[in-house]
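Each structure below appears as structure tokens.
The two complexes that follow have subunit A in common; it is paired with subunit B in the first and with subunit C in the second.
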Partner chain A sequence: MNMFIRIIAYILLAPIVGGLLEGIDRKISARMQRRVGPPILQPFYDVIKLFKKQVISVTTGQSFLLITYLILMIVTGIMFYGGTDILMCFFVMSTAATFLYFASVVSSSPYATIGSHRELIQMMSYEPAVLLACVGFYLATGTFNVSEIAQSQISNIAYLPGFFVAFVFILTIKMRKSPFDTSTSHHMHQELVKGITTEMGAQNLAIFQITEWYENVFLMGVIGLFIVNSNPISIAVAVAVVLVTYFLEILIDNTSARVKYELMLKMSWMVTLFSAGVNLLVLMLVQRGGA
Partner chain B sequence: MANIKRSPWLLHYDGSSCNGCDIEVLACLTPVYDAERFGVMNTGDPMQADILLITGGINTQNQEVVKQLYDQMPRPKVVCAVGVCACTGGVFKDCYNILGGADTVIPVDIYVPGCAARPQAIIDGIVQAVELFQKRSEEHDALVKNKGKEAS
Partner chain C sequence: MMIIPFLILFPFVVAALMFAIRPNKIRNGVAYVSAAVIIGAVIYLAVSWLLAGAQVQTYFVDTHIADKVILAAEVILMLVVTFLCFKHRKYWISLLTIIPTCMMVYLELYGPKTESFSHIYIDHLSILMCLIVGIIGGLIIVYAVGYMHGYHHHHTDIPDRRYYFFMLLFLFLGAMFGFVLSENLLWIDFFWELTSICSFLLIGYTKEQVAVTNSFRALWMNLLGGTALAVGIMYFAYTGQNYSLHELVRAGVEGNVFAVIPVALIAFAALTKAAQLPFSTWLIGAMVAPTPSSALLHSATMVKAGIYVLFRLAPAMQGNLTGYMIALIGGFTFFVTSVIAIAQSDGKKVLAFSTISNLGLMVACAGVGRPETIWAGVFLMIFHAISKSLLFQDVGATENSLHSRDVEDMHGLLYLLPKLAIFMFIGIVGMFLAPFGMLIAKWSALKAAVDSSNIILVIFICFGSATTSFYWSKWLGKIISHSHMTGEPFKDITKKNEMISLSIHAALMILLCVLFPLLSKVYVSPLLMEMFGTATDVLPAGVLYTLVAVIVLVFAVPVFSYLFSRNVKTNVKLSYMNGINVGDNKSFTDSFGDPKRLWLSNYYFHKMIGQRKLMVPVQLIATATLLVMMIMIIGGAI
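Now for the complex of A and B:
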């Protein structure tokens, strides 16, 4: 019963929470640049407007592919907040990202094509850290099951600090924040127009935007999973850690210029190898010593 | 009736401007004027734009480009000509290659004169364009509704 409440809460509340987070993000970004900034509800105004505009679709398949992207991302979140296998959640998330790639590349626009190729490179950059995080959770708790991981005796971050650092690092890529917003970004970049979203207008862009909100809430959930344990107070701590992480992402976004893809690939793999990899070795050694 | 004027996204196109007006357009987005507090976003993508901001006159080479940009924008849309060159052709009016203001190729709704147009004038122009955008959107909604009725 509890599981159904969580799933329904995710489906209904995730877009609201995601939109509010983005609104606060834009407000804080504006304040960091000494501007007044848009109202906090601005992302919702944008999406409502996008739904009311005339639909110009380059190819008929694009809307279908984008809706599939949205549905798969919702399924990812449902599986995660429903408490099933975390490995499966990330596999479904990767499938969703592939549909976004197809939705963009099907338009055969040069800008969208470059953007989607960069999206694939971004996937290559963050995938190792994501998979290692799953392995880390398994080594720390002996299970891939999200609801059992959340019931562990002490917070998993105690065993997995390196995995946490690697995951926060690749979160910058996943949330399309500078310096790793190579495929598209929320700011104007004339060099590839809007990258992967170039050929998405009106309601297609609105669907993309809503999917981003679902995705962000899911990723924040994974950050929270590092903190949550059997003690109910840990949920409040997890929310605080999630908010601090989000603020850190905004700070990184506003203080760094975008990098080339080679550097992004090198940096993310290095950080994954050195923080998550070393953590993994230590964890395995300690466990062997214990047994 | 949803209030869509809170989210006007701009597409800025530089015709054959001397860059004076372009710099003033970008000045509107700086912390001093901060047009983003009205929800204004400067997007480079015509498919996502609501208001087309043109600076500079139309010449024989860019007339097709301007037409295409206008056609790629989804309805409802508003066109705003910034600076005297985009309004009438300005000092370049009699040049052999200049056809005139932006209204020689596409319908222009708002004219912002000045050489270069001041940021205050540009923001005033955008505010007027936004009002018109809301009106057009309501007309567009009514059109879509009537079409739906005819179909059913």
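Now for the complex of A and C:
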């Protein structure tokens, strides 16, 4: 029963929470740049307006690929908040991400194609850390099952600090925030030409936007999973940590310049290897010693 | 069970017929019928065995005549290879066939006499191998009839020796059946050598300089493995007083010291056959041969023989140094070759590297040697056999129509050659996208690697899965992108028989995706039961249901969203080109004000991770690892 409430709450609330997060994101970013910034509800106004516009697209095939992207991403969240296998969640997420790539590359538009190829590189950069995070949870708790992981005695971050660092690092890539936003911009008029979304307009762009909200809420849930334990108070702590992490992402976004994909790949893999890898080594040694 | 000798001998008879019948039409007819008979025979074997209760069965205890025939055939093989080595002045390679053959002859005539045992052994694994070899191999022959016709039509400079080509294909199938059904190590050695030599002859089919060079590379690498196999068999014959494969595995499981060295040597031999680093180059070189032979080598036969042996040995490798070595080499190969695959734009080369990479994952699964990894490995093997055979045939057919097999030229293939593009899509998606082959394999391999504290393997799998997704996704993207080709449309000249084979493969692939939970329950779990003696539920029910749900979703969602979005009114406009569009999406205005063709290309990073740059260093690393670990294993056991 509890599970269904969580799932329904995710389906209904995730876009609202995600949209609010984006609104706050834009507000804080604006303040960091000494601008007033748009109202916090601006993302919702944008999406509503996008839905009202005439659908203009380079190819008709795009919208079904984007809808698939949206649905698979919602499924990812449902699986996660429903408490199933975390590795499976990420496998479905990567399938969803592949559909986003298809939706962009199908247009054969030069800017969209470059953006989508860079998105592929971004995917390659973050995937090892994501899989390793799942391995970390498994090592710490002996299960891949999200609801069992959430019932641990102690917050898992106590065992998994390295995995947490690696995950937060690749979160910047996953959320396409500077300095790792190569896939969304490579043009001086960034507001007009945004890499992977170049050829998405009207309803299609709105779907993309909503999917992003779902995705962010899912990713924040994973961050929370590092904190949550059997004690209900930990949920409040988890929310606080999620907010701090999100603020950190905004701060990084606004204080760093975009790097080239080579550097992004090298950095993310190095951080994954040394942070998560060393954590993995220590955990395995400790477990072997304990057993 | 007379079907078993029939299954082994029939392809040899057909091979002789293929060589004897010179008119193409008659030979093609015989080839079709024989392929159908082989497919029918394996299905009959599998069904009758399953209906009989799917028990382990052994046959043929007294085989004096067969032993002598095999001995004679082995000597003949040695003479043929030695002759070819001298003809092409690769004298030293002949040693690799003379030495093991002499050892086998000596063993057969003067070796320790043991109590008699069955020579044929049937269980879930061997039946599964028979099904793969028979069905995929048979379909490849059907495809080959059409393909080779077109091949010699286009390549008039290559002498038409189709009688020889088809002889080799059938010989290959016969050898594979013999290999997977035999229990006697001496027989296994013979069939092993036969597959090595068949692949050598197939690779050299065109007689071009590069083909000859590559064929000899394949020969020496595989014969080196064969030599290790022969040494292992001889050692076991004297120390264990036995020639039975299952006795060897049993001795290994029981922890007998005398089994350590043979298991390590045979596992080493399997690495050469499965084209693991440092022996990967022979399989890459094998693509100079006509496509059907690559399909056969990569999917159904040659490389799967190595995997089969490793699966057989897996219980004896669990948790010891040999298993660690195999898992390490497999994981390393999985990661490194998937990186090199990114840098390839030749479709066949991508397939070749991905084969090696996937084999690496299977090898790693076998090396860990736990029930769940064998479960994953078996599924990976089935998925891979179908998918790779489909993809090779498809790339071959695409090359005939498109006059190129470069992935870059496949831009917009969905609109140029829709049927072939869809088959290609199915083949690729079946291999890596959730929830298919790779995914379940990754899931259980990761779990088992963590359970067995194999940290290096965990890291290889995590990184390798990222690179694997990369090279497949970018190929898929190429296929579905809107075409920027101009000029004459391409004509699909794929022959009917090629289409039949492709369609059956695609249907099998989809069927497998849908039915795999059933297959797991009915077939693969009993297989593990036989192998490990314990029933383990590899996939927890929760995961299984999730998987089934995901399977349904991944099929259903695109269909429904397609139906949903079909009626959305879309105003189709030109793509964004900074305002310098020419009027279509195929060109833009250049700095002289003239229209310039638009050409979109993928990332390859040739200079960073090309084959030339990476291959030699990783071969050295793998060789060093293998050498050190083999010395440790052998030194520890003496």
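Simple rule for what comes next: the second predicted complex is superposed on the first by the 283 of 291 C-alpha atoms of A that agree within 3 Å, B and C clash if a C-alpha of one lies under 4 Å from a C-alpha of the other, contacts with A are read in each partner's own complex, and residues count from 1 in each chain.
Here, a residue touches a chain if its C-beta (ideal position, glycine included) is under 8 Å from a C-beta of that chain, and two chains touch if they have at least 3 such contacts.
All values reported here derive from a predicted model rather than from experimental measurement.
K.L.:
Regarding the shared-chain residue A:T84, is it in contact with subunit B (first), subunit C (second), both, or neither?
P.N.:
After superposing on A, A:T84 lies in contact with subunit C but is clear of subunit B.
K.L.:
Kindly classify A:V193 by the partners it touches after superposition: subunit B alone (first), subunit C alone (second), both, or neither?
P.N.:
both
K.L.:
Who does A:L205 touch here: subunit B (first), subunit C (second), both, or neither?
P.N.:
First partner only.
K.L.:
So, does A:K53 touch the first partner subunit B, the second partner subunit C, both, or neither?
P.N.:
Only subunit B is touched by A:K53; subunit C is not.
K.L.:
Go through the superposed model and pick first if A:V135 touches only subunit B, second if only subunit C, both, or neither.
P.N.:
A:V135: touches subunit C, not subunit B.
K.L.:
Hey, is it subunit B or subunit C that touches more of subunit A?
P.N.:
C
K.L.:
Touching A:Q33, do we find subunit B (first), subunit C (second), both, or neither?
P.N.:
A:Q33: touches subunit B, not subunit C.
K.L.:
With both complexes superposed on chain A, which partner does A:Q42 reach: first (subunit B), second (subunit C), both or neither?
P.N.:
The first partner, subunit B, only.
K.L.:
Pick out the shared contact residues on subunit A: the ones touching subunit B in one complex and subunit C in the other.
P.N.:
Correct list for subunit A: 54-56, 193, 198-199.
K.L.:
Tell me, which parts of subunit A touch subunit C in their complex?
P.N.:
For this pair, the touching residues of subunit A are 54-61, 63-65, 67-68, 71-72, 75, 79, 84-85, 87-88, 91-92, 94-95, 98-99, 101-102, 105-113, 116-117, 120-121, 123-125, 127-128, 131-132, 134-135, 138-139, 144-145, 193, 198-199, 203, 262, 269, 273, 277, 280-281, 284, 287-288.
K.L.:
Name, in rising order, each residue of subunit C that touches subunit A in their complex.
P.N.:
Touching subunit A: residues 411-412, 433-435, 439, 442-443, 446-447, 450, 453, 455, 458-459, 461-463, 465-467, 469-470, 473-474, 476-477, 480-484, 542-543, 546-547, 550, 553-554, 557-558, 561-562, 564-566, 568-577, 585, 588, 598, 600, 602-603, 608 of subunit C.
K.L.:
If we count contacts the way the header does, which residues on subunit B are in touch with subunit A in the complex?
P.N.:
Touch list, subunit B to subunit A: 2-4, 6-7, 9, 31, 34, 36-39, 41-45, 47-48, 50, 72, 74-76, 137, 140-141.
K.L.:
In the complex formed with subunit B, which residues of subunit A make contact?
P.N.:
26, 30, 33-39, 42, 45-46, 48-49, 52-56, 188-190, 193-194, 197-202, 205
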